[in-house]
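Across the two complexes that follow, chain A remains constant while its partner is chain B and subsequently chain C.
After this line comes the complex of A and B, so read on.
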């Protein structure tokens, strides 16, 4: 601030030329202020330009806001999309803002959206509520049609929607989400936490499922179910070395895009929830236990199957009585209950049940899905209990239990935990030895013989070396067994010379047809499905059909006695 | 023309009479209105009228959003309520602007200074009699009308400060700068009591510009900038409203609903806008018709319109400043520059808030935002600006050019 000049007076200081100086300074300052102002304007214009290029429209943001972050996709092991989140439409109405008379609008809505009657729409429209959803997950055509009614009180909004582009494919594995985008069942439920974790936003979950294999399994099983008028069907394909589930299906299935529309029984997952007495498919397990325990000393050792085995008041009989003495390979080829019972008896309760426990039959299968069935075990092991359990009666497990056990018995004797999530290639898979590699090798030979010469002939996919065992069990009903209600199963591996995949196919209550001469047993129903499925999926999985390749059977074949022509 | 003639002359053969040469508002018109027409900055008037037109359309666009927001079950506001009210305010404001611009400079100055003293008294009265809204006590009820004294004080303050500072060149011993600093500080304290941080910034900004133009030394400018920074920092430290707003702006912490809502609205329409009535995000704006009307413009008329509006404000301010470059009257220079600064600064701050360059603060967009106090005060202020920038065109004309015969 200017201080008073030291010279006393004059009070009015008027320096000539000062005015001009001040004026020049003012001009300078005017320019400066103007430039500052223009700089601010420039900053604003630049910011607007920035907003032009970065701004999102309201719709995009609304979609993002309602379910932050967007639920990631679920893909199969090859990256095919099984579940994804898309932008869909919803239709609502502001009943308090209608311009059309509700009496006129309601019938029109009833025509376009027939899930409600005109009267119901009228009641909604007259409710004067601020907002009512009329349809969520609406098709664009419907939105257009409703919009064309010209009622400004209708509200259309984009909402994220979970879409399962393959519809029913692997529905039981995937499960579904509710309208709020929360997983309700299946992997959607299991993965809910990960799906809503921003850390994993945009990173798809890779399942172990191969959708091509899954599709083949579903197609063939559905065909068989139709053919044999079965109540249900289950199929599992398992990687024997990694425990990855390549395919898992339970029919009838549902469409996860609209689960409410399918009947409730379709949501029952027979593969992991349902427990069944799986019958003769247990015989290789009993043999494995016996051989591993040293009960079966020689493959040529014969057991009496000339007549039904009577134990107390029970009588164990064969479905295809041979009425002679059978060795172990023959027992499997002819699926003899009597011989299995005799071996199980020799083995004893502890060692048989020990094998069951090692194979995990004492608890639900550890897999990612919820609703895993707990096996039903004998409460009291009488002598007969051991004998019947040897051929799969009196003990009920899920098909997944069986697939897992077969994978372990056939892959060299090591059991791996099963999973529906893809394992990294080369990842170390935990495993426990259940039988010796030698016994595993013998089982592969035996099951191959079953397919070549026994009950499983119809499972023999050319060149794909299927080995396995059929199992036909009568369903337990009212304290006894229903002779007409069968559960027909085939469990096996392929290729037996170098096992890669275990496969279990099960038909629930198939009926015989003219083609099967009225038979509904596994050899006539489940085995053909396995042949068809393996023929389709083998090449997909990199197993080349080769008629020259097989497991060496030279030491087993001579053990099988064939009746001469015309005999029997 | 014909119908304007006296009834008796209608139908008669037209006779050219001497008065016909002296057209209304012609250069020969020497009435006050005629002189006004030739002396006024017509480009400036035109720019303001364009702005007013834009403002009216914008209020029409924003009105349904605010009407919905402030309606409740018992009290429903018609969608165009704010628009029609704005038309009424304009019908008061625009005549006021033209009437003010008709005033001779001296009388304009005198009236402004009386008005300033009145407003200042009102400011003192606010803590006692003021009415409160949104946690701030800024309004006063006068004869059934609610008005905001600080809005009216702004132009009056500019005129008073300009007059005070212009005295400096007449008598260098007058402590004009100290007086102006004291007055400004007093106003700032009154404003912060309300509290009204935005207006305080405006007053401080105007004062700084006036001081710069009045020729204070560069060192003092530096000191003032330092004081300004200190003021903002201390506002942040001791004034909770400012702190939460600045925090929300800088770190996105706390409640950044307003900032986010403005961003959503201004970007929703993209460059070309959703079209009039097509905006959706505007319904989520707080104060769509006042503080955030610029975002409504952005949504419905596009960011291109935002750029146009900001350039219009720039044009008005630049027009005034450029014309002042050869102004010789200190008072006119300071008053005009101050009024233009007030107008421009308010626009820049409001727009900066809307585009997310500044933390939110209650500030209207001159001539565009809805509001009675704001519209009338801005009109009066602009009328003063027009009055001060009036110039005799003959004074600048080269004496050597011969007009066509």
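After this line comes the complex of A and C, so read on.
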């Protein structure tokens, strides 16, 4: 310290102008920094302004959050929801992020979700996969229980799920979607394109089904199925003027919320897919064809029904033999096969088949659903074929064919295409004339007589003026007909004085009960269902029961011969 | 000098204030917009929630479930043809059956009335409503009836009539035509017995009786019987109490007494009621 360095001290050099130079440099630097700051501020300001004016902000994020294009609802004609997409829980697992030992977790999962065994869960958990679904469409309770296991590797997410709030109701009409939200069957499949179209997002599809009517039909048919131990049952209610299907059911049914769990046979739609020989319900069609063609000139013309009709080796007999000569109204009231065969014979193959073709019995019925059954036509029209086809044997159609044909025959003679989508009120419905209005009126009178005095007495819902025809057919089996397995059908319209709705009820292989005195024929099985259903749905559909109203029958009643007191 | 030096700073400050103001405005707007957005979000989430609840309700109240409930508990059935009425006439036909019962009761009462007509009573009793008929039973009825019968002939004890009047107080529905008749009865009573009012007054308020009597006497020249009646009624009628007190006043004027008499007239229906009640009471007792 005390010693000074011997060398010359590098003392401050006093160079003139040096100070100014430094000052100028620092000023330059300062300026540069300031410019940088300014540029940064300017950049921020510009960005703020840009954001302010272009408005790419919360708005769009919120919109993105809320309005994911959901599959639109399906509602019935009154706006009741039949199918809807909701947010459901799904449970998954990140198998590579588990904290608990898979050996401990697997049995717990097996308890909560018993669809897989503990071993299967163990295999899944040990797979080290990044993500595995354990359950989709999980109930909130289950999610809570799984969450309570405390495993951070579990993943819970909300996913859109298709829910059918009415469960089994109209299941065959609705169909269902798979887990990806694509329609698999039914209207879900048909409407898939419309459902995924962003143009229609949020706009529900309105079906022609009335869920109240549908419920009534399903309930009464299920009851009848149980009573008569039937294999299946079908019910159709059709608007005769617009062709809208108000109810369509095929029992046994399934739950579209969980279609995988239902037996496969329940998914068979008997109303659309199944073809049956529908028996005597064809008689009004034959009569209509005969009257329209001018074969039946007078209602009082009598036909021989005293003995079974023998044609070649065939013999046509009546189920309720009257053993006398019958006119046309009597033929329907007593459901005489012999007389129908005679009339069909007179009518001829071409004209009878022509009527069948006009009624659409030559092709699958035109409706939105897939899997429409193709009617079974006689391959070769022998003379006997014409005769038997006249009373509904040898030709098989779907119940929907029959409902459509009855609607056309009774509404004044115009056939409308059937649809499952609601038509706008007042919309013009395409239609083709199949018979004349006069013949249609006569048919209404005849079918009313059947219900008042004939085989369809049990279908008479008081005040609702049901007109229709029963049909009991034996099921075809190997090499002939099985006498014990019947298809009992009732087809008709109500109110018959001003037809609004056609109704077809069919029971597949009903068994007679003590209440029906062992009979399983349509008059004892299908007709009472029609009465119960019509009594329920009539007021719902705006038809007020009125015991004083009816179709005029003064000109028909005298034609029906009644045995006098004491006579056979 | 100083000012000039600070000018630039002043500019900067002014600019800063202006910018700050602008920024505040934009901040305000942003806040509003944010609030609006959060509200919209709230609305949409509420709608989602509503939809969820609707779905749950619809699922729980599905047709099959309603059907099950109906089977188990409600047992509702489809309406039948008879339950629908086609027109207004059918409705009238339905309602026509109903009045049959009350009509019968009416005729019964009418027969009672005819019985009364036969009786030697100057008043035709009204068809007093039933509760009155019941209350006017044993104790009052015989006395009151007797009173009615005797009125034209003899005087009866004051206390009894007083009691009857009290009973009349209870009744409120009286008919005018009867009141006229009753008036006659009352008048005839008073003509016979001008002193009745005095007696009544005495029984009720002995202290006042003298004064009342005096008033009556003074007024007698103009209206011989009315004041007494007015007093009597005044006692029975609550609204008339004012007049009663007025009457108690010694300087009772003609005008006042006239007024009171008017009131008496207007409220004369009360005695009539009594009469009818009385007779009724007797009638009920007779069989």
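The definition used in the following text is that the second predicted complex is superposed on the first by the 500 of 568 C-alpha atoms of A that agree within 3 Å, B and C clash if a C-alpha of one lies under 4 Å from a C-alpha of the other, contacts with A are read in each partner's own complex, and residues count from 1 in each chain.
The rule is simple: contacts are C-beta pairs under 8 Å (C-beta built on N, C-alpha and C of every residue); 3 or more make two chains touch, one makes a residue touch a chain.
Not measured: the values here are computed from a predicted model.
Participant: Once chain A of both complexes is superposed, is A:310 in touch with chain B (first), chain C (second), both, or neither?
Facilitator: A:310 contacts neither chain B nor chain C.
Participant: On the A-aligned overlay, A:25 touches which partner chain: chain B = first, chain C = second, or both, or neither?
Facilitator: So A:25 only meets chain B here.
Participant: With the two structures laid over each other on chain A, which partner does A:52 touch: chain B (first), chain C (second), both, or neither?
Facilitator: Both partners.
Participant: Does the superposition put A:41 against chain B (first), chain C (second), both, or neither?
Facilitator: A:41 contacts chain B only, not chain C.
Participant: State whether A:130 touches chain B only (first), chain C only (second), both chains, or neither.
Facilitator: neither
Participant: Output check: A:33 vs chain B and chain C. Expected answer is one of first, second, both, neither. What do you get?
Facilitator: first
Participant: Touching chain B and also chain C: which chain A residues?
Facilitator: The answer is residues 52, 58 of chain A.
Participant: Hey, which residues of chain C end up touching chain A in the complex?
Facilitator: 26, 34, 37, 40-41, 44-45, 48, 51-52, 54-55, 58-59, 62-64, 66-67, 78-82, 84, 86
Participant: Which of the residues in chain A end up touching chain B in this complex?
Facilitator: 1-2, 4, 11-13, 18-19, 22-23, 25-27, 29-34, 37-38, 40-41, 43-45, 47-49, 51-52, 54-58, 61
Participant: Where on chain A is chain C touching in the complex?
Facilitator: 52, 58-59, 62, 65-67, 80-81, 84, 86-87, 163, 165-169, 211-212, 214-215, 219, 462-464, 535-536, 538-539, 544-548
Participant: Going by the contact rule at the top, pick out the chain B residues touching chain A in the complex.
Facilitator: Touching chain A from chain B are residues 169-173, 175, 177-178, 209, 212-213, 215, 263-264, 266-268, 270-271, 280-281, 298, 303, 306-307, 310-311, 313-314, 317-318, 321-322, 324-325, 328, 330, 333, 337, 341, 344-345, 348, 351-352, 355-357.
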